[in-house]
Each structure stands twice: as C-alpha cells, then as structure tokens.
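Pasting in a structure now, in structure tokens, and then I'll have a few things to ask.
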Amino acid sequence: MANVSTSANSAASTPMKLKVKQFQPAQTPTNTYLTDEKGVWAWLTTVDHKKIGLMYLGSVAFFFALAGFLAIALRTELWTPAKTFIEADTYNQLFTLHGAMMVFFVLVPSIPAALGNFILPMQLGAKDVAFPRLNLASFYIYVFGAIFTFLSLANNGFDTGWTFYTPYSSDTNSAGIIWVTLGVFILGFSSILTGTNFITTIHKLRAPGISWDRLPLNVWALYATSIIQVLATPVLAITILLLAMENILDIGIFDPALGGDPVLYQHFFWFYSHPAVYIMIVPGFGIISEVITTFSKKTIFGYWAIALSSLAIAFIGFLVWGHHMFTSGQSAVATTIFSFLTFLVGIPTGIKIFNWVATLYRGSISMKTPMLYVFIFIFLFSIGGFTGIMLGALSVDIHLHDTYYVVAHFHYVMMGGTLIALLAGLHYWWPKMTGKMYNEPLAKIAAGFIFIGFNVTFLPQFIMGAQGMPRRYYNYIDQFTPFHQTSTIGSYILALGFLIILYYLAHSLFKGKKAGPNPWNSRGLEWQSTSPPDFHNFSHTPVVIHGPYDYHQPIEEFQLGLAVEHGHGEKYLAADATGSEAAETTSA
Amino acid sequence: MGRLFDFMLPENKSPLTADSTDGLFHFINEASLVLFLGVVLAMIYFAIRYKRKSEDDKTPVITHNNTLEITWSVIPLLITFVVFGWGYSGWLNLKTVPDDAYEIHVTGFKWNWSVNYENGAQTINEIHVPKGTPIKLVMQSRDVLHSFFVPEYRVKHDVLPNRYTYVWFQAEEAGESQVFCTEYCGTSHSNMLAKVIVHEPDDFKTWLDENGGTPSGSPVEQGEKLVSLQGCQTCHSVDGSDLIGPSFKGIWGRDRNLADGSSVTVDENYIRESILYPGEKIAEGYQNVMTPYEGRISDEEITNIIEYLKTID
Amino acid sequence: MSEHHEHHIASAKQLWGIGIALLILTVLTVTVAGLGLPSPFDILTAMAIALTKAFLVAAFFMGLYWDTKFNSMLLIGALAFFILMVSITLLDTLYRDDIVPSF
Amino acid sequence: MANHSATHPKHVHHHFVDSNQQFESAKLGMWVFLVNEILFFGGLFCAYIIFRAWYPELFTQAALELNTFWGAVNTVVLIGSSLTVAMAIRSAQNNQKRGLEINLLITILLACVFLVIKYFEYEHKLHLGIAPGSFWNPTPEIAAVLDHPKANIFFGIYYMMTGVHGLHVIVGIGLMIWLYIRARKGHFNSEYYTPVEITGLYWHLVDLIWIFLFPLLYLIE
C-alpha cells in the first residue's frame, strides 16, 4: 500500500500526520469476547461493554416477555364487555404493570443500553465505553430498580397507571406505590449513567479518522438520545421523589386536599415523560439508517438532514410536553403554545422518513430480514406519526384524549417504531454478536406474523377510540365488542410471531451457520472486526479513511487493516473535531 | 357527509361543538392517507424496481439534494400550520361558552356523577337537558381526578378537586348520549358512566318542576332516595351481592368483624361514623377506599339513611 | 492539541482572592436583604449577587475559565433547560382562568 | 494488547490511549453528570418558583421562621470548604501530599460543621411543630404568625430542598474521606489526580446550589 489519504475537509488548518501500519485483518476469531473469560461469575463482574450489552439484552427480553404476557392477559380479559376471567382490581394492576414495565424496563433501555452498548464502541473503533465500571454499575442499578418494582407486587401492588397521577397515587394507601416509585427512581439513575457514559465515549474515544462528519448515524442518534437522558431523567427522579414524599409524608405540593396542585404534577411528570418517548424512538432511527444503507448498498441520502434532525427532535421534544394535558385544565396560553410546538416536532421526523425512502432510490435492494423490518418500521411508524398529528390538533385531541385512539397511536409509535427497529437491529447485528446466522425463511415468516398481528391488534383500536372507547377500562359498553375481539385475536397472532423469533434465535445459537466477519458486506466499522468480535473489539486501534456509508468505495479499502503504529503519534483524534487528517501507511 | 373516514366517528349530536372537530378529523385523515400511500408505494416500488441483481451491483453516489430537503420540510410544515389553525379555532369554540347557556352543576366522585339543577333538583348519573339550548356544565370533583367525556358531542374535560372546570354543548335532538369517565380513578373507573338525557324544551320544564324543591316523604323514603343520589349502591349492594364495600342487606344490628381483628355491632353510631369517617373502622376483607362525607351531609340526612338501612333485610 | 497537555494550575493567590470575594458578596447580600428594598428589587438584587457568586465559583474554583469551551456549554445548556422548564410551566400556572359557579 | 499495556502508566485503564485522554474523559463525564444534578435540583427550584408566584405573601411570611444568621454562617462555611477543595486540587497538581491531606481534612471538617448547624436548625423547627407534611403541627404562637393556609407547602418545599442538598453534603463527605485515604496512601500526584479533580467539581456544585438556596429561602422577608 502506498499512500492512502483522505480528501475530506482538505481545507482544514493543519492536517495531522499519523504513522499507520497495515495488518492482515483476521478472518476467523481467535480470542473473542465470548471465549476470553468464561463462567457465570466472569459474566456478572465483567466490565466489557459487549457482555454488558448482552446482559441488558437478556434482561430486556425477559421483561418484554413478562409484560407481553400481561398484555395477552389484558386482551383476553377484554374479550367480553364484563368480567372474563380476572377481577377489576387485578386488571387495573396488570395494565399498570404492563405499562410501567414496557416503558421503564423495556423501551427506555432496549436500544441504547442493549444494542447501543454493544455497537457504539465498535462503531467508534474504541475498546470500550469511557467508563466501563460505571457501565456495569448502571446495569446493576437497573436490576435493583426492577427488584424494587417486583417488591411492590408483594406489598399490595399498585394500580395507578404508569403515569402515577396525583392525587390518586398520593392518596392510595398501598405500600406498593412507595416501592414502585423507589424502583423507578433507582432505574432513572441507570438511564442517566448510560447517557453520561455514551456522551463521553462519543466525544473522547473516537478512533483516528472518525470525524463528526463520518460518525455513523446510529451514533448520532445515540448521542441525541443520551442528551435527552441526561437532561430529562433527573426531573423524573425528583418528581418521583416528591411523589413518594407526598405519599409517605403528605408534603402537599401535588395533593389538592393539602393545598397543592395536581396539574403541577402532570407538568413535572411529562417534562420527563414526553422527552422519554424520544429516548425510546430516536435510537430506533439510528438503527434504521444503518440497515437501510447496508441493504441498499448505497450512501445515505441526506446525512446531515438525518443527523441534525435527531438533535432537533431531542431539543424540540423538550418543549411539547403539555400536549398530554390539553384537557387537564392548564391555561389557554400554555395549551395554544404546546399545540403549536407539537407540530414542529413532527417535521424533523417526516424529514427522516423521506430521506430513508430517497436512499432506496437507485439502490441495490436486498430484502433480507433486517431490511424487511425497516419496511415494516416505515409503514407502522408513519401511521403512528400521522395519528400523532391528529392528536396534536387541539379540537380533535379534546375528543380523542385518553381513548383507545391514543392507546393505538402510542403502540404504533413505540411498538411499531421502537420495537420493530430493535428487531431490525437485532437481526442485523445478530451475526456480529454471536458469530452465527439465523434461519432466514423462518425469520421472514415471523416478521409476517408480527406485521399482520400488529395491525389486527391495533387498527381496530383507532376506530373504537374515535368512537369514544376510553382507555384503562375493565368493562366496556356492548357496541365495542367486535373491535375488542378483533384486537384480542390480533394480539395472539403477534405473540405467535415473537415465539417463532425466540425459537429460531435460540436455535441459531447452537446450530446456526457460522457467519463471516461481514455477512452483509457493510461498510460500517463494526463489521471490520471478526464475528464474534475480539475481546478488545479490534486487535489494533483502527484508522478510518472512509465514511461508514461510502458504498462507492471498493470494499477492499475498508478491509486494509489499517492501525495506528505504536510510538508514532499514537493518539486518538477524538478531541480533534476538525475532522481532517492524512493517513500515511507503511506496509507491515 | 359521505367522507371516507365517516365510519370512525360516532354520530354527531351537537353540531355546534362537533362540526369543526369532525371537519378537521376528516381533513387530517385524508391528507395523511395521501402522504402515507405516497411514502409506502414509493418504498415498495423502489424495492421491486431496484432489487439487488448481484453482490457486485454499483450504486450511484447521491449524497443529498437541498431542493428536495426544503420541499419535503416546507410543504408538511405548511400543512401542519393549517391543521394547527383549524384545531385552534375549533378549540376556542369549545372553550367559549355562549352567554345564554343554561348552567348545570356536575360533581364527579368515585364512581358516580352527581348532578345539581338550579331549583335544587338532583340526579345521579343522569344529566337532563332541554334540546336546542346551549348547556354549560360546571364541574368539580370530590376526590381524585376524573374526566367528563361525551363522544357524541366531542367534548371532554378533566374534573379536578381543587377548582371548577366546564364544558358546553347543544343537543339538537331528543334522546340519550353516553357519558364516560376518561381519567383513571380506581377500581370502578370503567363503571363511572352516565347518560345525557335530552328532552323537548317543554318536557324538560315539566321534569325539572316535578323533581325540584325540598325533599319530601317519610324518613325511610328520603333515606332511600339519598342512598341512590349519593351513589352508595355503586359499592354497597342492597341485595346481598358483594361489591367494593359490604352489602347493606341485613346489616342492621349484626356484629361485624373489622380489619384490625376487633368486632363491632352495627348501630346508629357505627353507621354515622362510617359515613363521616369511613377510614376509622374498616370491615374485614374490604379496602379503605370510601371518600369521607364529613361536612357534606347533614345529621338529619344521616338519620334518614339509618332509618332506610333498618328496613333492608 | 499539544503532545503534552498541561493542566492549568491556579495560583494560591487567585483562589484566596475568589474565596474572599465570595465572602464579601455573602455579607453584601445579607446587608441588602436587611435594607428591605421594595418588592421586585429585593429578589432581583439577591439573585444578581447569587449569580455573580455562582459565576465566580464555576469559572475559577471549577476551572471553567481555563477549561474547554464544551464544559461551559454543558453548564449553560443545563441552566437553559432549567429556565425552559420553569418558564413554560409558568405559562400555565400564571394564566389559569378560574371560574366561579354562579349559583 | 501486550505491547500496548507496556507503554501504559499504571493508573491508565486499558481502553484509554494516554493519561490525558483519561483525565479529559473523566472530567467531561463529571460535567455531564453535573448537568443532571442541576436539572434534578431544577425540579425543586421549579416547584419553589411556581408556588412563590402563586403565593408571594406566604414566602415572605414563612421566611421569618428561618434564621438568617445561621443560614449566612452556613453559606460562609460552604464557601470556605469550596476554597479548600480548590486548594486541595492545587496541592495535588504541585505534588504536595501534605497540603492535599490537610486541605481535604479541613473540607471534611467544614462539611460536618455545615451539617451540625443544619441539624440544629431542623431541631428548632421540629420543636415548634414546623414539621414536614403530616407532622405539620405548629405551636399556637407560630400558627398566629404563620397565618396562611398553604404554610405547610412552603415548609414541604423547604425540607425537600435543604434535605436533598443535605444528602448531597453527606455523600460529599463520604467521597472526601475516600480521597483522604487514597491521598494518605500516596495515590495522587501531578500526573494523576483525576478523582480529586472530579470530586472537587461535585463539591463545588453542592456549594453552587446552596448559593441559590440561601437567598431564596432565608433572605426574602
């Protein structure tokens, strides 16, 4: 190899010279992160971001299965207008638990803490996240939060809905509420620490050559997410703390009986919980950008539009929380402003969708399972988005607020968006994580079940919501019976889809075909390591000379095995944000 | 009429409050459908048209196109401005109560709607209104948050314990409309239903006159009426079936086991205490969920209720 | 980015100077509060003094003055989001129209 | 990685290239964490501002029950401790082991003084029945002065703000003790003093919060 130099931003001030060595990239892994340390104890005490990511993935899958099982129970109860098989109080506790678990234990940590933990350092060419021990700590904080929440079940449980609105939540004499608030409080810190870790990692641990304009869009999305986590989650922590004090001590800030204001609680709660929906969905956007380029074999269309729209969503997302409160009795001024700002947050989301579709134009499109999920994502998430516009419109929201329309809307966004993106990412990176391929035909069948099951479950909910069916109802009036029954049938199909996924993923672990380092021929840096990756991700600090979506460059140029030569200006360019460098290679 | 998404909305029985909402609902649905089909069909078309032929396919380098970016940012932005303006004007209409509106007071409490009229008439879970007149409901809650929702009028507002909120509507036909509570409020949230009953103006006048004035009848009759108006039967049955609280049937004079292990005889003082301060002595096997009636009910009314309870065997 | 990055070391004189300035400002704010200024001005002066103190602590004790700009941006950003939270919530709480029933 | 770790000083973790990258990362991480702390207290400040905007007369009335003198003394104590923490960092940067230990000790001492004063303030209020929430039971004399239906809420906010701040002081003391032990063992020098630096940042933030709490709670009569 003679001189390999990058042309990006050649006008920048002083290009940095790096002595670069070339290695023969390993094709077959020797010492992978899975074989490096073995045994349960090594896993539980590991500070390796990949293992922690997998532990998160396992936990998230566990809670998803549990909360999903609750959802099936709820849907079954709603088969008939009156009691089907459980009591009203049980039903109320189950839907609360379903919501709280799905939000706090599944959606919030799913993509950032599970997939993000695994992929982010690899996409940056780093050996680990900035604070590996903190990373492990945040996993255990998450586990403790979960334990506290389960302890609440042993203490009468809680039936407040996941929103914990006062004064219902502060007046209910159930020890369960105190336990669950404690659990959510603790859980918040897990989220905050993950966010802190990611921001620092992205700023300080990028490999030479990864300038801000070569950052994978997944990293941009995780960056935006981390910012929201750090800015919003502490407000949830203080809100939940105040709520617990309200319940234990009656301090009176939120309880009208003591002179407080229940609507103020809603402001505090939604100041976190609205941005939190972007904590859940924005990392999904990142995955979609990665998958859609790989399977179109084409440069992303509108790199900066997609990267910056993530940041725009993160910012505007903080200004719109009051659209959950249009009927709450907040002032007319606030309502008007919140409604107006709500529409602004729809625009960057639309921009992303248009850019993704434009990326497909004249691509080389391969409909592998991850790509199939991207298509499902765009289909479902668009419906979620358009119905969001409906709910942002003031007069219409008055009619639709707190009905099944809202339930359907946020399931389309959260499940049709986040979870489908998670599935896309899981299938996409599964070979990297495990070194095994899954059964492609079965995967497509499962995707079909999920797509059909999902729509059968939630489309009827739009109709019955608009017809007036309120949410969180144990009994309902007869006219809604057909919609509920269709929805229940859909939920069974959906569950079946997930069972198939569980089966073939487990199967692939033991019997799956070996995956090469780069089964999709992706240009992403994470694919230039072995599958599964080396204990330190890359055997040497990689040097990056092309962007992650430079599909017009021959793939050989991504597999040169360029690495920093030791003792020759060995230094990350992380702090050097100008993004210009010239790499000089010497053959090894 | 005859719009594509008509099947989604319930009948419109209060055009003055519902028309603007419905128009916007249809507009957003139809505009969304066009955009949605555009996106999805383009996506599917590309997937077929540019299907991968071989692993060596070359793709063009199309990094961005500012004209396109601006187009697909500005056009949706303009559409959303229209939606905002339309929604805002409709909402202003919902907030602006006509000056000549007829006022009725509604109180939400776990899990009933109590309704008071100008002449002292009182109903429970039924709101009687004349047709063709704007009606203003002044609402408050006695305990937790509730929300008053009539789908057929497209009106909804939360009902709060510490201040008054209101909705207005004008029903144009005699008949009934369903009322839901849409803010989660505990065990029987889904049973906190009511009906708006729309009368011809003359019928309403007659109804109001018949039900107004001071309560009359024997203590037992008055007690029975009170028990029904206060919604006691939502939680306490009179036929012995077990609801959220103990049944009234055969309660009088019986010994009752309490949650703390002691027992008490059901007499005047126990019933009085249980109405005013329900948290003091909880019956075994039941939760402390009843709202205290201290300050809301007179001694005479309690006496009447006691007389009535004596009669339920 | 030099090869060998030197961390700024504040001189003892500087640190003591800031400490004494903070002390004086504390005495000042108590004194001004004792004067009993009319309503908006008392809180305004108290907050102005508190902000000055906060600036001194952040810039010199916490070293933001010598640090990378990004860390200052973080602090300012946090304050900006706090102000957003308060001001938007005030848009509700200050402008509620309470209606009183007429009978 | 064998050849890699050979060039690594002992305190640098394997995933960092050099000491400087590790230091800068730790500092950035701490600043991001401080952002979260500011928003955490921000919720309480927000509640304060909202209720003050609703009931200005309550706040001026209730502040009379708070002792300005001791509040001011505590402000001085915390400012002093911030100064000693800054001096401790300076000592570490200059390889002055003794200076580092002494400065850390003074900081711990001042933090304890702060808590003791706070304890007596609380004690006095609880004695008068100005207690949080359901323990709210002011003596008749206090009730006569504090004649406001929402007085309990002011003190609810007061106890939350000072209580959460007090917890941060306690955590700070724990961190300082940990630093002191490590300083005794000679872990810190001009090349490696990251824990001192970032704990210092935390401690200054605790001071910053108090700089605002003091005028808002004590100085509004």
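In this document, chain identifiers A, B, C and D correspond to the written order of the chains, with residue numbering beginning at 1 in each.
To be clear about the criterion, contacts are C-beta pairs under 8 Å (C-beta built on N, C-alpha and C of every residue); 3 or more make two chains touch, one makes a residue touch a chain.
What you see is a predicted model, and the numbers here were worked out from it, not measured in a lab.
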**OP:** Name, by label, each chain that touches both members of the pair chain A and chain D.
**Re:** C
**OP:** Weigh A-C against A-B on C-beta contact pairs and write down the one with more.
**Re:** A-B
Subject >> Distance from chain B to chain A - Cα centre to Cα centre, in angstrom >> reply: 35
Original post:
Taking each chain's centre as the mean of its CA atoms, how far is chain B from chain D in angstrom?
Top reply: 47
Original post:
CA centre of chain B versus CA centre of chain C: separation in Å?
Top reply: 46
Subject >> For chain A, residues that touch 2 or more chains besides their own >> reply: 203, 231, 235, 261, 263-264, 329, 332, 575
Subject >> Overlap residues in chain B, where contacts from two or more other chains coincide >> reply: 163
Subject >> Shared-contact residues (touching 2 or more other chains) in chain C >> reply: 70, 77-78, 81, 85, 89, 93-94, 96
Subject >> Contacting residues of chain B [partner chain A, same complex] >> reply: 7-10, 20-21, 24-25, 28-29, 32, 35-36, 39-40, 42-44, 46-47, 50-53, 55, 57-65, 68-69, 72-73, 76-77, 80-81, 83-84, 86-91, 93-95, 143-145, 147, 149, 151-152, 154-158, 160-163, 165, 178, 180-191, 193, 288
Subject >> Residues of chain D defined as touching chain C within the complex >> reply: 20, 23-24, 27-28, 31-32, 34-35, 38-39, 42-43, 45-46, 49-50, 53-54, 56, 68, 72, 75-76, 79-80, 82-83, 85-87, 90, 93-94, 200-201, 204-205, 207-208, 211-212, 214-216, 219-221
Subject >> Residues of chain D that touch chain A when the two form their complex >> reply: 1, 3-4, 7, 13-18, 21, 24-26, 28-29, 32-33, 35-44, 46-47, 50-51, 132-135, 149-150, 152-153, 156-157, 159-160, 164
Original post:
Hey, which residues of chain C end up touching chain D in the complex?
Top reply: 5, 7, 9-10, 12, 15-16, 18-19, 22-23, 26-27, 29-30, 33, 36, 39, 42-43, 46-47, 49-50, 53-54, 57-58, 60-62, 67-68, 70-71, 74-75, 77-79, 81-82, 85-86, 89-90, 93-94
Original post:
Can you list the chain A residues touching chain C in their complex?
Top reply: 203, 231, 235, 261, 263-264, 267, 271, 318-319, 322, 329-334, 337, 575-576
